[in-house]
Amino acid sequence: MWAAICDIWQGGKSIIIGHTVTFRNFWRPKITDRYPHSKPEENWQPKPGYRGGFAQLKSDKEDRELRCIACNLCAQACPVGCIHIEGEGKGKERHPVAFYIDMGLCVFCHQCVEACPVDALTMTEEYEISRTSRAGLIRDLDELVAAGEGRQEVSRVV
Amino acid sequence: MTDSTNDTGLIAAAGQDNSDIADNLREQFGEQIHNAEIEDDTLQVEVAAEIILVVCRHLSTEIERPYPYLSDAFGVDCGDHLQVVYHLIRSETADGAFVRVNLPRNEATLPTLTALYNTANWAEREIAEMFGVTFAGHPDPRHLLLPEGWQGYPLRKDYQRPDHPYLASEPLHEDPSVFLASGPQFETTEE
Amino acid sequence: MPDEPIRRLARKHRESPAGQLLIKIVDKVLNTGRACSVWPLGFGLACCAIEMMATAASRYDLDRFGMILRPSPRQADLMIVAGTVTMKMAPVLERLYHQMPEPKYVLAMGSCAVSGGRFYRDAYSVVNGVDRILPVDVYIPGCPPRPEGLIKGLLDIHDIIRRDSIADAPYIEGQRPEYRQYPRLEK
Amino acid sequence: MSETTQAPLTTEEIVVNLGPQHPSTHGVMHFVVTIDGETIRECVPHIGYLHSSLEKIAETLRYEQFITNTDRFDYLNGLGNELCYVQAVERLLGIEPPPRTVFIRTLMAELKRISSHLVYLGCYGNDIGAMTVFLHAFREREPLMDMFEAVTGGRLLYNYLRIGGLRNDLPTGFTDQLHRFLDYLPRRLEEMNDLLTSNRIFIARTRGIGILTARQALSFGVTGPTLRGCGVPYDLRKLRPYAAYDQVEFDVPSFPEGDCLARHLVRMEEMNQSMRIIRQLMEKMPEGEIQADVPRRIKPEAGEVYERVESPRGELGCYLLSDGGAKPYRMHWRGPSFYNLQALPVMVRGGLLADFIATLGSLDPIAPDIDR
Amino acid sequence: MASTLVKTILDVIHNWAEGLAQQWGIPHLFVSIAAWIAAFVFVIVLVLLMVLLAVYLERKVSGAIQSRLGPMRVGPIGLFQTPMDALKILTKEDIVPRDADKILHTAGPVIFFVTAVIGYVVIPWDRAAIAAQVVDLNIGVLFVIAVSSIGVLGIMAGGWGSNNKYALLGAMRAVAQMVSYEVALLLAIVCVVMQTGSLSLAGITADQGGSLLQWNLLRWWMWPALLLYIIASIGESKRIPFDIPEAESELVAGYHTEYSGMKFGFFFLGEYAHLFIIAVTGAILFLGGWHSPLPATMADPIPGFIWLMGKALAVILIMMWIRWTLPRLRVDQLMNFAWKGLVPLGFVAIAVTGLAIGLGLAGGGG
């Protein structure tokens, strides 16, 4: 009998303690990031080094040419084979004529960026990469170059 | 409550060594033990398929410091033959013993260890469907991971993936000349 | 469909100016209602399921958009295929899709659902893209996508819904135009 | 409704399929449960709905390329899986990683353990019916996610460890962030205990439910918190220390009851122990290089290695067989959930349908870890 | 004032209809029936609005407890979220599974929703003098409980008719649970009836008039009954910790697993209508009905039905607080708790009330 009363007392106490916890939380400030709404606040900007979309960087010299030398190392490093390169020219003249990254296949592992010998390919903090068609996920050279405008550095954690 | 048991286990492990187990095994089973040695306090035994049940029972119950539990079992396709590896452990010290059996590719049959270890049930079903090893006397010899009616043994080296519409690598782009994801650039990597 | 009489009427009068105005108004009301309360069927399969749960949790809060994850396909409007679809899972996925009431939408979340991703080339048991089984409306690449990326994809779904019109009748006469018919998995 | 009812009517057992798509199956598993009223007579698990042939894929990728895939086995323990795989490759190659690398790896693995247990806590709350716990656990997990993102550039899957090193060093400001988190988490865990663990209803739902004896657990190959909940202090971090675990002090919590509550308490206590380990690691963290000398082409000599680490779910094993090439000849992964789940039919037999969910949740299975 | 406004509108309609009837020679009976129907429709609309508000509040309160925002996008702070949900649900495809029992499958949600709403006809929204009650039954409180307990037939019909095992299990659980918790609920009501001496809801309200101290809430001998009522009403409305009929992690969505579109909407709205009527009844039984808590000497600018709804919302808020705090009980624990915990507590409550009446503290039947 006494045990039963103790049990009821303990049970009731634990339930009331639980209610105080939820009551406290009721008045705490909300932690929700209001993603598409408070966009200027940049609350949800990923940290530097975030592995998002891709970009091709241009040389920081006067001529502003692409750094990429179409050496295919990134395509070889890729564990899923989502990079396709067609290059032209020999030696120092070599440059890509076609460069496709299939974002739908990519696993965002950063191995291609690390493989690049001339720091031409980088990942960006872009994360709004959804499309309504499968073909729309394939990035070509123009899009990659456009994404790289104004960037000099390869993505890396600082 | 926890540290004391731990300590006793560790002291016991330090105080004894396993070198006699290999010798005993060789003595007891003779020719049918192909190989028995100790590498970094881990016992490595290679036995004939016929005596696998006897050896495992011996190792898990009859020796002085037994390996009573089966931790893991998996298959390996060694090219000309298949190998099934059993990983036995002691729960006090987490010492392991590997027991290996070599099997011919075409008629791979092993007695099941489910009578000895509960662990063997799923592990053997997985090996059976992945390598085509038949476990004689297994209580539940259905497919485990693959759908019913699957053809072929996927983890064998000569396995060809089926020609199925869900798997076909069709060109991803509208214009197939632009992008072929299953390109050959990958195979040429090492050369 | 409960709105079938309205649809028939709308298709009949889609030429007249008064009819057009009416269709516009009805579309606006209906599409707002539908877009504002998209209830997803959380089809969490692998890693992406955790990010989907994180998106539904406090920091990103799908409920802001009126989305509640429903456990039963009968009450869902949107199927979020979050993760790897295997050959063994494919018939289940197809069945669940057919259990959902019209109008319904499919969102492929993560590389595995978009294209097979990690398992595109060498895997023998993974469906290379859920669009081989279902008509996918929005693809979200990423492995897994950030919760913000998922929310962006969901907002794309809202846009698709808002472009629907009752005069188009896209889901009455057979399937949607972009539906690609793939052979069913043989038993 | 209860099993003691002796009805003169003829009753019929019904077969209920839980899964593959079911709100509580922790990924995709399928259980064919035969119930009599609400009492479970038999439970047959069907797995393989996430069998993604990763072991086959490993044979087609170079050693360094496969690191990113190890995350996908048990996605809640990405860094722990990488640690296991990378240690296996390093043992094949005979490489010793620099001490700072070892410390950072251990630190990240322990952070991942906390994160994994938080997901467990949330999902278990959801299984038991306490939705708020689910959201609170995910709320506490978000600062962790931010830290992982700052260090590795990804929220859930990382590809952070490299053979003989790391992708990058810890970023600036990480230490402050970590200390803030370590100050804040114990209070919130205390709150979570108030809300869930000490709740009378929760205890009624979990005490004496899904009992597994130590002998049964061992014979089924059960490891991790599930085994420690049966009173066996089996923890590879203590028994066979790897990485930097031999340089820190910690306890291995274990409870002898073997029921759902014991497993829950083990996980709650493990989070505290992980925080203790992390504090010590931060104190002793050496300076220096993070990358050992590694040949450019990773081609281990022919040989094999079986590496074991303690994941949040149990003993994780990675078997690598090399034939001297740049790709593994054979890779086998011992997923702890695979063997833990095998014990489920024994644990749930004779219980109620609701107990099934509670028991399954307390095993904390992860589907890709089972199916690989 | 809103209540007088309501009365004026109803009166105007009534007079106009009567005039018309006299002109056309329609019997007076039809006019009265028409007036009842008009009043009923008015109440239904009001109730539906309150139900939508309750759904919205549920999402906001759960959001606040879980450190998130809840609906934000539709209307100011998401106020129009639930009407949008209703709109969408009503235009969704209505699927009847092939092997389902078509009649029962349709009957289930209809019975459930109608019984949830019918109970509202006996609720005294405001003082009887201004006719804000559709009918004043002298067994009103019994009527409310009796009618809302018919709702379980709808659940059973739906669960059985769906031809789905989850739905069947959920329906079986729901029946067992509702039957058990109704007993406890009635025992709590018996205490109030003993105190008041009237089964009419208007009578129970009248008994608590005068001042705040007359409320049953502040009569200590009613406290066991109050505790019993709170617990049993949560059980009756199938909410956490007693939500086993639709336990998400066990039975997917319980008895409405196979329902889509409008029928699911009926179940969904019916559930909240049930919740709301139990809250309103609770407010009448223990919180003084439409009476204002302000002293009688003060002028009261707020009409009675607002007070009643406010009190009902307060009860609902407490039930939400409980819902988002506790885990779920198991089915056998739930039944044990009902029969071994609540029913004895009910007898204690009756004994305490009887003792108080015997001592002359309570009204003892006026």
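Read from first to last, the chains carry the letters A, B, C, D and E; within each, the first residue is number 1.
One rule holds in what follows: a residue touches a chain if its C-beta (ideal position, glycine included) is under 8 Å from a C-beta of that chain, and two chains touch if they have at least 3 such contacts.
Since the structure is predicted, the reported quantities are computational estimates derived from the model, not experimental observations.
Participant: Please identify each chain that touches chain D as well as chain E.
Facilitator: Expected: A, C.
Participant: Given the two chain pairs A-C and B-C, which is bridged by the higher number of C-beta pairs in contact?
Facilitator: By the number of C-beta pairs in contact, the winner is A-C.
Participant: Closest chain to the protein CA centroid?
Facilitator: D
Participant: Sort the other chains by how far their Cα centres are from that of chain E and give me the top one.
Facilitator: B
Participant: Quick one: which chain's Cα centre is the longest way from chain C's?
Facilitator: Measuring from the centre of chain C, the most distant chain centre belongs to B.
Participant: On a C-alpha centroid basis, what's the spacing between chain C and chain D, in Å?
Facilitator: 32
Participant: Could you give the separation in Å between the centres of chain B and chain D, each centre being the mean of its C-alpha atoms?
Facilitator: 22
Participant: Mind checking the centre-to-centre distance between chain A and chain B? Centres are C-alpha means, answer in whole Å.
Facilitator: 38
Participant: Please work out the Cα centroid separation of chain A and chain E, and write it as a whole number of Å.
Facilitator: 50
Participant: Send over the residues of chain A in touch with two or more other chains.
Facilitator: If we look for residues of chain A contacting two or more partner chains, we find 15, 18, 21-22, 25, 30-32, 34, 46, 79, 81, 102, 104-105, 107-109, 134.
Participant: In chain C, what residues contact two or more other chains?
Facilitator: 57-59, 61, 64, 71, 88, 115, 118, 120-126, 143, 146
Participant: Provide the list of chain B residues touching at least two other chains, using ranges where the numbers run on.
Facilitator: 145-147, 154, 159, 172, 181-182, 189
Participant: Using the touch rule from the top, collect the residues of chain C that touch chain D in their complex.
Facilitator: Contacts found on chain C: 42-47, 49-51, 53-54, 57-59, 71, 73, 83-84, 86, 88-89, 92, 96, 118-119, 121-126, 143-144, 146.
Participant: Going by the contact rule set out above, which residues of chain E touch chain A in the complex?
Facilitator: That would be residues 61, 63-69, 72, 321-322, 324-326 of chain E.
Participant: Taking the touch rule as given, give the residues of chain C at its contact with chain B in the complex, in rising order.
Facilitator: Interface residues on chain C, with respect to chain B: 87-88, 90, 115, 120-128, 132-133, 182-183, 185, 187.
Participant: Which bits of chain E are touching chain C when the two form their complex?
Facilitator: On the chain E side, the touching residues are 59, 63, 66-74, 78, 80-81, 84-85, 87-95, 248, 252-253, 256-262, 264.
Participant: Would you pull the chain B residues touching chain C in the complex into a rising list?
Facilitator: So the residues of chain B in touch with chain C come to 145-147, 149, 154, 159, 161-162, 164-169, 172, 181-182.
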